[in-house]
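Same chain, two partners: subunit A is paired with subunit B first, then with subunit C.
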Partner chain A sequence: MGEQKYKKVAYYPGCALESSGHAYNASTKAVGKELGLDLVEIDNWNCCGAMEVKNIDPKIQTYLSARNLSITEEMGFDTVMAPCNGCYHNLKKAEYDLSHDAKSVEVNDRLSQKAGHKTYEPGKVETIHALDWLKHAVGEEEIARRVKNSLKGLKVANYYGCMYTRPRHIFPEKDKGPGSESTAKPHFMDDILAAAGAQNVDFPLKTACCGGAHSLSDSDTSTKLVLNILTTAEACGADVIATECPTCHTGLEMHQIRAEKVMGRKTHVKILYFTQLLGMALGLSPNKVAVQENFSDARPLLKEKGLA
Partner chain B sequence: MTHRPRRSIEEITDRTDRIIGAPTEALAASAPALADELLAMGEDVLDAWLIGKGQTPTAELSEGFRLLAQHRQAARGNPSFNACRETCRELVYHHNLIRLSPTGEDAPRNIRLGAMVLRHLALFVEGKLVADGLGDFCCSSRPIRQGEQAELKTEAL
Partner chain C sequence: MPIHEKSLIRPENLRTNDNLVIEGMDVSGHWSTFIEGRSITDYNENLQDEIAALPGGENIHRCWQCGSCTNACTVNAINPEFNPRYWIYLIRLGMEDELLRDKDIIWQCVSCNKCTYACPRDVAPEGVMKATAHWLELKGHTPKSPSMIFDEGFSSQVFETGKIEDSLVLRNFLKDTGQPLRQPWLESMILGLIKRFPVFYLIRLGLMQVFRPKTKGWGRARKAIEEYVHEVEAANRKALGLKEGAE
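Here is the complex of A and B:
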């Protein structure tokens, strides 16, 4: 039946889920509601520091992420769920840095005092990803029991991107044997979607780089990397690439279009957030999980598979 | 250490495209040789990176493979290179799959997938090389490395 402590958690959507990743936000909330889970958005949250601040000064990024953890704690939560890989990574990195780096502790303390809020101390809040949340709060057995519209017949390549598992040292809970996530071969998304009836394909690029950070500054490289991910997924027999990161998702969608326009390479595989697939399996309508917001129009495929 | 001529990344991506597009029968007929060629081209890709960084590529093996030792060498002090760690391991895995069953019906498919994995490694390293002359490409770990030397902007706050 899942672990009680994850049934009501603080929710940190992050900037992307309020813009390009809106469909991920909508589908995550819809799935949570359908499964009886509570997400309480943290008050007055700020950017996690993403890539931009991190590239200027990593200590400021650590502070920005720590502020969100501090608010989470002040709200009385010991767990915060961040569905975006970038946010998840940065919150975990802040936790690690504040446990291991005296200079980070000093900067965080100084800036927290100046900003007038409590200094976050490591160990007070656990950061989890949406995959951890569903895996631990609900679990495959319960998901399978709740499925109303099986994903049976849908071949899925699960794409985790590069930030969900790297660097390994900031994810101490991973690689702990049965039941834990693997950094080398992540499987939580595979497990969840298999419970919803999907046929996962063996996809060798599930943690490969999508070129997301250079999507604009070096578009050609990003397009080539994405095209290779798309063609490999198709070679593996996938109908759909399931994503769990708004940056990867947007990159796959936009560069799928760009690959066709600039390189004349058309690919047919559809790109959907894993929460959209899970939501439809739980009986939610495609509109409820915001499938219409995706650039990659999966509606004909979903109709063909009886999901829409 | 390899004594054969190294291929450029451009030659490697061209070759992978040809392998991926080759007829199934042709792949089946040369499965063991193609498995070795894919792995050797992976080593060439990492050689390009290491030489570009002014290092001498290692001749040692890690878990029985030079490619994995090269990756370990390349990632030392440069954590962003870990973004291709699993790609290297997948290349080794596909090499093993083909070598274990070179006449199996899956061999041509595994060769194509191995070539796609190799192409990803080549594109990733090429991107890193091109970005700004051995500059940073990966977003996730750059600050971890930079953090050791960076002048903290926070000092001014």
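Here is the complex of A and C:
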């Protein structure tokens, strides 16, 4: 039946979900609504600093997340859900740094005071990913029970990227044996989509890097890394790569096109957010989960598989 | 000493003699190639301390050269010259000149954190790579890398308004690096979307130009962060013995 405490949580969409990752935002909210889960967006949240601000100074990045956690606490929530790997990672990292590093605590306190809000203290808010949210608040059994339009026959490669599992030390709840997520071989997305009827392929590059941090500043490297992921997924027999991060998703889509235009390498695998796939399995229309917004047009494939 | 396997030594460190007689012995031919003798005198004894003083480099002293980082490295798999283990070795020995041979690729670390995941000594090699790239720029050994230009543009948007808008990040980056906005692959990507879904996209693109996303009540946070950034920059320069403010 799922855990009650995750049925209503604070929601931190992050910047990407308001622009390039709009489809992830729309499909996450639609899935939540369909499953009777409540998401309450954090008031006046700020950017988590993504992969960039830490290179100016990591302690500012810690502060940026601490501010969001502080607001979450003020709003009376003890759990915040972030669907974006970058946001999720940074909230987790802030939690870790504020529990382990005195200098981070000091800088956070100073900046919070000057900015005029409560200093966040670690332990007050638990950060979860959209995968944790669906796995814990609903669970596979319930999802399987509510499937109206099974993903049967759809071969899916589940791609988790870097920031969902690395570095290990900021995710103390992972690698805790049965039921917990694995940092070496993550499986929460596999579990959820399998419950929705998908046929997951054995995909060795689940946590490979798409070069997202240098998507624009070192495009050739990113294109090579993405092409490797795309061609491997195709070699594994996948029709679709399921994603759970807007940076990975946009990176895969953008460099799929770039690989074709710049390197003459065309790939056919479609890229969809796992929430889009789950939403369609729950009976939502492709439009409702914003499939038309993806760069890689999956609609002909979905039609062929009887999902659209 | 004469050498047979030449591929392991850089060509500039080899000397081949056409005719050579040593102690009455004619060694012309295959065995007349020698490794140049070298002695290193120009160690930078502060190199490790300088890297450790920059954010991310703090744990470099813990490295025991197991090579797990390079073995796990995403970039090393596509460019074998990209070798975090070796660079950490050079920094710890103070071999600045040798490190500078690779100065133009160190910034290419993609922050996938596979090295940090694999490291048994908590060196956080990803942080060391960022600290080293930062050090190269502060010392004037390299121009600002495209990655640093991107990070600065991105961060300044965050500091200014509390949020970013990714098409603005993209446009600013192309401008800051002197690249044309009309990249053929980018064009075909956007055109593909507009063709499929014209009204929605044109409206959204238009709205984004007019309304930049902002965090309400961000003013004081902005001021606090900007003050702190100046402080950090000054501290970083001081740690490297550089004059204040001279970029």
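Just so we're on the same page, the second predicted complex is superposed on the first by the 308 of 308 C-alpha atoms of A that agree within 3 Å, B and C clash if a C-alpha of one lies under 4 Å from a C-alpha of the other, contacts with A are read in each partner's own complex, and residues count from 1 in each chain.
Criterion: a contact is a pair of C-beta atoms (placed from the backbone, for glycine too) under 8 Å apart; a residue touches a chain by one contact, two chains touch by 3 or more.
These figures come from a predicted structure and were not determined experimentally.
Participant: Given the alignment on subunit A, is it a clash or a fit between subunit B and subunit C?
Facilitator: In the arrangement built by aligning on subunit A, the partners subunit C and subunit B clash.
Participant: Please work out whether A:45 is in contact with subunit B alone, subunit C alone, both, or neither, and reply first, second, both or neither.
Facilitator: A:45 contacts subunit C only, not subunit B.
Participant: If you tally the residues of subunit A touched by each partner, is the higher count for subunit B or for subunit C?
Facilitator: Touched residues of subunit A are more numerous for C.
Participant: Once the structures are superposed on A, label A:5 by its partner contacts, choosing first (subunit B), second (subunit C), both or neither.
Facilitator: In the superposed model, A:5 contacts neither subunit B nor subunit C.
Participant: Contacts for A:236 in the overlay, against subunit B (first) and subunit C (second): which applies, first, second, both or neither?
Facilitator: Only subunit B is touched by A:236; subunit C is not.
Participant: With both complexes overlaid on chain A, does A:293 touch subunit B (first), subunit C (second), both or neither?
Facilitator: second
Participant: Looking at A:204, would you say it contacts subunit B, subunit C, both, or neither? Reply first, second, both or neither.
Facilitator: First partner only.
Participant: Looking at the overlay, what does A:176 touch: subunit B (first), subunit C (second), both, or neither?
Facilitator: Neither subunit B nor subunit C is touched by A:176.
Participant: After superposing on chain A, which stretch of subunit C overlaps subunit B: 4-12, 22-30, 40-48 or 76-84?
Facilitator: Superposition on chain A puts subunit B right on top of 76-84.
Participant: Which subunit A residues come up in both lists, the one for subunit B and the one for subunit C?
Facilitator: Residues 51, 54-60, 63, 107, 110-111, 114, 162-163, 166-167, 208-209, 211-214, 218, 221, 224-225, which sit in both footprints.
Participant: Quick check: in the complex, which residue numbers of subunit C touch subunit A?
Facilitator: Residue list for subunit C touching subunit A: 55-56, 74-75, 78, 108, 110-114, 116-117, 124, 127, 130, 134, 145-152, 154-155, 158, 162-167, 170, 173-174, 177, 184-185, 188-189, 192-193, 196-197, 204, 208, 213, 215-218, 220-221, 223-225, 227-229, 232.
Participant: Under the definition above, what is the set of subunit B residues touching subunit A in their complex?
Facilitator: That would be residues 79, 82-87, 89-90, 93-94, 109, 112-113, 116-117, 119-120, 123-124, 126-127, 130-131, 137-144, 146-147, 150, 152-154, 157 of subunit B.
Participant: Using the touch definition from the top, list the residues of subunit A that touch subunit B in their complex.
Facilitator: 51, 54-61, 63, 89, 93, 103, 107, 110-111, 114, 162-163, 166-167, 184-185, 204-209, 211-214, 218, 221, 224-225, 228-229, 231-232, 235-236
Participant: What part of subunit A is in contact with subunit C in the complex they form?
Facilitator: 15-16, 18-20, 22, 44-47, 49-60, 63-64, 67, 107, 110-111, 114-116, 162-163, 165-168, 183, 208-209, 211-214, 216-218, 221-222, 224-225, 253-254, 257-258, 261-262, 292-293, 295, 297
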